[in-house]
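What follows is a set of structures to go through.
Shared between the two complexes below is chain A, which pairs with chain B and chain C, respectively.
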Partner chain A sequence: MNGSSERSLPYLFLGPALLVMLLVVVYPFGYNIWISLTNMNLYHLRDPTFLGFEHYRNILGEPELVAVFIKTVLWTVVNIFFHVTIGTALALLLNQEIRGRSVFRALLILPWAMPQYITALTWRGMFNFEYGQVNLILTEWFGFEAIPWFGSETWAFTAAILTNIWLGFPFMMIVALGGLQSIPEEMYEAARIDGAGRWQRMREITLPLLRPVMVPAILLGTIWTFNNLNVIWLVTNGGEPADKSHILVSQVYKAAFTYYRYGYAAAFSMVIFLILLVLVIVYMRQTRATERVY
Partner chain B sequence: MKRPLLYLLISAITLAAIYPILVVIGISLRPAGSLYSTSLALIPAGASLEAYRVVLFEKPFGRWLANSAAVSLLVTIVGVALASTAGYAFSRFRFRGRTVGMAMFLVTQMFPATMLLLPLYVLMRNLGLTDSLPGLAVAYSATALPFCVWTMKGYFDSIPAALEEAALVDGAGRFGTFVRIILPLSAPALAITALFSFMAGWSEFIVARVVLSSQELYTLPLGLESLSNSFQTEWANYSAGAILVSIPVVVVFLMMNRFLVSGLTVGGIKD
Partner chain C sequence: MQNRYFRGFLSGLIVVVGCMGAVLQAGCAGEKAADAGPIEIVLWEMMDPQERELLLQNITAFEAEHPDVKITAAHFGVEDVRNQFLTAALGGGGPDIIYGPSDQVGPLSAAGTLRPVEELFGAAFFERFHELTRIELNGHLWSVPEQFGNHLVLVYNRALINTPPADTDEMIRMAKASMVDADGDGKIDRYGLVFESKEPFWLAPWIGAFGGWVMNDENEPTLDTPAMASALEFCRELKATHGVIPQDCDYELADTLFREGRAAMIVNGPWSWKGYRDAGIEIGISSIPRMTSTNAWPTPMVSYRGYSISASCDDDKLEVVRAVVEFLTGADVQRQYAEKIGALPSLLELQGSDLIARDPVLAGSMEQVLRGQRMPIVPEMRAVWDAMRPALQNVMNGESAPAAAAKEMQKMATKKIAEMRS
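Coming up: the complex of A and B.
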């Protein structure tokens, strides 16, 4: 094989994927930027006029933006915290010699295996005030008052978070299980011989060796959760009550496809993307995740 | 931890984890008369399969299924073919634009759904491509590809280069080596790529809701959502449909259970 064909080889392998990405990612990305600088909406779909940065100025000037941003961060942090702690704890439990381990493992990944929209719609039904199982359990078993889940901003947001916690822990569990299985048994034996107790083995061996697996998974989980539209949209039925339960991504989806404010939504998408990009870069710096990811 | 306590704990957690699924199954078995049930019994009194019959034979379930299957298969074929070749390029070659290319795939994961959906939608509208299943499949491929490329690349990294060097010396071309040596060794990663691509099409609701408007093109998620909208009348039918849709996915997931652990962990990291 001669030199020139060897040099073009990687591009031949990459070509098809690159072509698709250019067509459905890079080009729309550029087009999105252009839309964000115009007044495009349902009435000006084909004849938008150029506005410049007006949408960006408006978005950054909205007092609401900060509140929704804080709510999005809260949504992400709470979800990831529970995904990781529940997932890791279950992985540690499952990693022991217990009978029926594979059955437990199979059952525990079911929440992840179910299509997300079904999960979300099902939980929405379970949060129904009169007939939902959540309120029935609260009132009949524990004697609490029924909670008006979609009557207030806080409860609706809580409902969405509970749903998403349920939905997301199996992913972290599977990743943690993989990490645990790659820790050589000899390390524990050596530590045992040196007289390390259970807790010490956990702190000195298990957790540090889990870290390289968990760091990229947490990064990916954070990105997915920050932008998770499905759950919040379907559980709160598009922002109930009165568009108060939105996170950034559901707010922009509503602006685009319910209110047809295309230019505004395109600019808002850019703002969300840039916020997330900054957060991810900070996270990567802090954890040096790139060294592992690359 | 003491054994019985351990079992008690893990059983309780598992029960809590599958409770919502049991609820869906329970509701799907409710007879027509007891939709407004406030009973917490998992198997309702007078359980019947009536809702399954209604969904399968009186709703356009077959059409939704065919649409979803067509879209998902298309996404799977595109996903596996493109992600394996691109992953191979990133894993085995050092070329200009490699780092930028890898980063680009990662950055796309940070796009909010509307970022690509809105311009694609406007483009499709202007070209008259909305309301078409191939259009939908193209949009899904874009969302599935980055993750799949990274998974494949990570897995290829773990295959020793010496294996293919022998074949290359024997005169098999790069592509021949890739197809005959590397791909057969990559079954776990290919399985995950296929699963993720398929799921991208099978379980997606938000994009489909925007792209498709005519009822004949509805995919399963849109169809089921239309059942769930009328909470009072159709809840049992929705639940039966949800169970029917979930069964194939869950079966595949469980079959690949073994691969998931190794595939996902290798996916992100380099040894």
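Coming up: the complex of A and C.
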């Protein structure tokens, strides 16, 4: 085998994957950028004209953008916080030798295994003011006032967050459980011999060794949650009450599929992409996610 | 050694590329073979399960009569069929025929993805259909109506209501009388009246009862009117003052309560009736009662469902497509839909027949249709719905006064329409 063949071999191996990436990622991404610079909409679907950065200027100049952005960040942070804490706590429990562990594990994965659509609509029904199970439990078991879940912005947003927490913790639980099971038992044994207590073992062994699996999982979770249209759209029935429970991605969905403002929606999606890009870069630098641990 | 691996890899790659070539060639050969085989027609629809079952039976019947035609029907959700069709048609693909509600043709024709149907069928063909189903947009007809209505009526449970109310005052009285708190826990176990109170489609009949409407003849929004404010006030009072509808009444709740016999009356459309019958409810259908204060009939939105033809349908398929649509909108098929699922026929010859007169449900439905108003089919109607929805919800939640909400509706509709066009 001569030198040039040897050099070209990796490219040959990469070729098919690169071709697929080019077709399903690079081309649509480039096309999206192009659309975002045009007036493509229902009336100019076949003959869009170049507008430059007009959509971007309009989006950044919209008075409600900051409020929706803050709401999206809140939505993401609250969800991820509970996904990680509940998921990790359950993983720690399931990592113990307990009776019926596989049954508990299967039950706890169920929310993740069920179609989001079904789950979201079921939760919506459970939040009904008069007949929903949530209010029935609150009023009949705990004696609280019934909550008008879809009558106020705050409660509607809370309902969507509760649903998404329920849907999202199993993913973090599975990831954390995988991480826990890969920690060698000898390390705990050595720590025990050295006199380390339960909390010390957790702080010095478990948490640092969970980090390499949790950091990318949190990154993925953040991107998914930031862009999670299904749950908020279905639980709040497209923005109840009075279009007040939107996050950035549901605004994009509405622009594209209610009003057919493809150029505007493409520009909005680019803005979201840039926000996430900055978030990811900052997160990776802060967490040193790409560094080796062992 | 490395050389051998490299040669092995190259041989593998050649095999893979060769296989792909063979597959592509087979595809092309398939296309060539298809030229000589049956003419393939693709139809996309958004029908309910019962309708779809009938459609598939009718397609089989058509294919039996025309062995040279093969029809493939694909099912989508209401919004999906529209969005998927737009995307596919833009790329020159998608189905030959698309079935859907009349307001679907607004965006699809504006995007240039449909063929005007009068060019294929001839203007005379459409004289057979009821005038409310012959809606022109930009000087053309865009679909052939298969059923008529899609309108709201008052559905009542015959086990609880003997005679439907004559006016809204009586409706409220009857609703109150039908409310039951069986276990005395202060919670209503059976309501008198339920309807989707958050969607503006259910507000439309009341707007008409006060003499207003959502758009004028120039397709401009007409939402900031005293009629709109009165309609909003009326709906708010049903909940807040009279307490005859549930606090948080969306479609699913209203439908479930009526289906379970826990509501005496519901305002709903033809798509729901079979489900109620299947649930064992003996239903009666009547017009939404006359508004007592104005003595005018509420005017639900009247539309139709029909078949449109894609702009990307090949010219050489058009004759077959015409035959398929003619068959699927013909008298035999419409009669079947009327008898089996209670859909009103769009053909005048059936409307005048005893098909409707002998069936009290169809007769009640027809009576309501004739009191309704045509639903605008322009794409801008989406902006109007979207402007009405939050304001309606604000009124129902007690966060806006009706007059202020009507003003806000108009402002938002105007803004959204301008954005759609920009």
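Keep in mind that, in the parts below, the second predicted complex is superposed on the first by the 268 of 294 C-alpha atoms of A that agree within 3 Å, B and C clash if a C-alpha of one lies under 4 Å from a C-alpha of the other, contacts with A are read in each partner's own complex, and residues count from 1 in each chain.
In the analysis below, a contact is a pair of C-beta atoms (placed from the backbone, for glycine too) under 8 Å apart; a residue touches a chain by one contact, two chains touch by 3 or more.
The structure displayed is predicted, hence computed values, not measured ones.
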Task: Combined model on chain A where chain B meets chain C, clash or fit - done: clash
TODO: Using the touch definition from the top, say if A:242 reaches chain B (first), chain C (second), both or neither.
DONE: second
Open item on the list: Just checking: does A:277 make contact with chain B only, chain C only, both, or neither of them? Give me first, second, both or neither.
Closed with: first
Open item on the list: On the A-aligned overlay, A:265 touches which partner chain: chain B = first, chain C = second, or both, or neither?
Closed with: first
Open item on the list: Output check: A:150 vs chain B and chain C. Expected answer is one of first, second, both, neither. What do you get?
Closed with: second
- [ ] Check the residue A:50 against both partner chains and state whether it touches chain B (first), chain C (second), both, or neither.
- [x] neither
TODO: Scan A:130 for contacts with chain B and chain C and give back first, second, both or neither.
DONE: both
- [ ] In the three-chain superposition, say which chain, chain B or chain C, touches more residues of chain A.
- [x] B
TODO: Answer with first, second, both or neither: which of chain B and chain C does A:217 touch in the superposed model?
DONE: first
Open item on the list: Output check: A:42 vs chain B and chain C. Expected answer is one of first, second, both, neither. What do you get?
Closed with: second
Task: Where chain C runs into chain B (options 26-34, 80-88, 116-124 or 368-376) - done: 80-88
Open item on the list: Per the definitions at the top, what is the overlap between the chain A residues touching chain B and those touching chain C?
Closed with: 1, 9, 13, 45-46, 121, 124-125, 128, 130-131, 257
Task: Partner chain C, residues of chain A touching it in the complex - done: 1, 5-6, 9, 12-13, 39, 41-43, 45-46, 121, 124-125, 128-131, 148-152, 237, 239-244, 254, 257-261, 264
Task: Of chain A, residues touching chain B in the complex - done: 1, 7, 9-11, 13-14, 16-18, 20-21, 23-26, 28-29, 31-32, 35, 40, 45-46, 90, 93-94, 96, 98, 102, 104-119, 121-126, 128, 130-131, 133, 136-137, 140, 166, 174-175, 177-179, 181-182, 212-213, 216-217, 220, 223-224, 227, 229-230, 233-234, 248-249, 252-253, 256-257, 262, 265-266, 268-270, 272-273, 276-277, 280, 292-294
Open item on the list: Applying the document's contact rule, which stretches of chain C touch chain A when the two form their complex?
Closed with: 2-3, 6, 9-10, 13, 79, 83, 86, 90, 107, 110-113, 187-188, 198, 246-248, 250, 252-253, 379, 382-383, 386, 389-391, 393-394, 397, 399, 416, 419-422
Open item on the list: Residue numbers of chain B touching chain A in their complex, please.
Closed with: 3, 6-7, 9-10, 13-14, 17-18, 20-21, 23-24, 27, 36-38, 40, 78, 81-83, 85-86, 88-90, 92-93, 95, 98-99, 101-102, 104-120, 122-123, 125-126, 138-139, 141-142, 145, 149, 173-174, 178, 199, 202-206, 209-210, 221, 224-225, 228, 231, 235, 238-239, 242, 245-246, 249-250, 253-254, 257, 260-262, 264-265, 268-270
